[in-house]
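We just call them A, B, C and D in the order they show up, numbering each chain from 1.
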Amino acid sequence: MPNVTEVTVRYAETDCMGVVHHAVYPVWYEIARTDYIKAAGMSYAQMEKEGIMLPVTGITCQYRLPAKYDDVLEITVKIARLTPARIEFEYAVTRKGETDILATGTSSHGFVDSENFRPLNFKKAMPEFYALMERHAQADINS
Amino acid sequence: MPNVTEVTVRYAETDCMGVVHHAVYPVWYEIARTDYIKAAGMSYAQMEKEGIMLPVTGITCQYRLPAKYDDVLEITVKIARLTPARIEFEYAVTRKGETDILATGTSSHGFVDSENFRPLNFKKAMPEFYALMERHAQADINS
Amino acid sequence: MPNVTEVTVRYAETDCMGVVHHAVYPVWYEIARTDYIKAAGMSYAQMEKEGIMLPVTGITCQYRLPAKYDDVLEITVKIARLTPARIEFEYAVTRKGETDILATGTSSHGFVDSENFRPLNFKKAMPEFYALMERHAQADINS
Amino acid sequence: MPNVTEVTVRYAETDCMGVVHHAVYPVWYEIARTDYIKAAGMSYAQMEKEGIMLPVTGITCQYRLPAKYDDVLEITVKIARLTPARIEFEYAVTRKGETDILATGTSSHGFVDSENFRPLNFKKAMPEFYALMERHAQADINS
């Protein structure tokens, strides 16, 4: 099920064009997927302690409408694809209470061992959490 | 002709994974295209004063190898596509003196009027600079 | 009355020392004073629209204990001093549910006209809001 | 001898007030002291590899005049105080080729063991580099 994270635009996140700087969106997407993982019953901080990292291997962002200082935004995130080696999330940004999409994006990640940064099989490393994520992914892809 | 911008990784640009945070790359790409525009004979600050902005409509980043604190990096940038309404840049990041590509990326931009944020025809608005950019774009696409 | 703002540490806010980068705290302080002003019945975004800006003229930060990724923090803010020309805020950072102070700080601001960046007399410009802030300031200084 | 580091203002470093956001200055100060340490014959990255960290224990910034996008700035840094346990730097920001001071600041640091974050005696840990820093400090304080 897609998860929604609320962020209020910080002054420091705007630029002299008067709107949010484009490099801020990937930071919001990261917060949103952290919340997604928490909502699924686990924290990313916890994953890192258990030796698994989820480095970003790619991102895309499409900007449609600007966000401004103090705007209350909703970042909707869902899983677009999950394999034992990789996960991909999709994002959409709207103003709270509105439906116009300000921006969309994706992020791709590999599961790696935090000791040596080598790829690992997430399904084997954490079978229960993988099964949980798989159910979420299935629900998201159908949503 | 592709332009190369040197950046030294700042401490503040790293994260607790020990490497550069992925949202920093679009910031570097922006510096690189600013330098590209300067090297082509005009500054982006100047463009804004003349009433033209180049907001980002989309970005992509692919991360292959991590960059670390104090690394001296080279951001290579070239024009991938130019029309009177839009421009697209391509980026590649390497460590200075090395050939391994750490990251690649693209950014897409529309030319807009800085008064009203409406799209404008860059070729009509600044014919000489457009002709200059077109020669650069041609050289880049052939490079 | 001091106001408390909750922030959850973002991955992008940490650095390769494994803790939050020191330049992030002034950003949190800014969020906290924005919330303080809102809680007092006005938004800073609204102030800017009415032609008044509150640029920072000075900051101090003292760092006692590190904050880490995903920590839920409380930023407590109060007014330390208010005159028609200037305002000073004081900040303290703790982990939610704990009493150890991680960091403290101050910020000083002048009231300026957003048209020309010239100092203005906030008491004359917005007498009602000034009276409100004065009551808050008095309560904070006594707290 | 004071060291001078040049930085060009990035678009992402500005905010919707049209000028550089105040939280950016500590980031520049950090770059400037990194360069200072390099100019003194050692890199901070190297120090960390040898097991010594220099966490920030306090900062101050005073803002006099705004810096704008694409400004070429000079950050002048010198040692204000050095003991075997602590070091303090002083900073001043000017536009290149101008003398008006845009901002000043200080940062205080403790020398700590990077394994356990415990304070260490820098003079004992790296006597030669300490002696070098002491000569620099003496020259700075006299400058």
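Definition applied: a residue touches a chain if its C-beta (ideal position, glycine included) is under 8 Å from a C-beta of that chain, and two chains touch if they have at least 3 such contacts.
None of the values given here were measured: they were computed from a predicted structure.
Following the contact convention of this document, B, D is the list of chains adjacent to both chain A and chain C. Looking at B-C and C-D, the interface holding more C-beta pairs in contact is that of C-D.
Measuring from the averaged C-alpha position of chain B to that of chain C gives a distance of 35 Å. If each chain is reduced to the centroid of its CA atoms, chain C and chain D end up 25 Å from each other.
Multi-chain contact residues of chain D (touching two or more other chains): 11-12, 23, 27, 30, 68-69. Chain contact summary for the complex, chain A toward chain D: residues 11-12, 14-16, 18-19, 21, 23, 68-69.
Of all residues in chain C, those touching chain D in their complex are 17, 22-24, 26-27, 30, 53, 55-63, 66, 117.
Interface of chain B with chain D (complex): residues 8, 10-12, 27, 30-31, 34, 43-45, 68-70.
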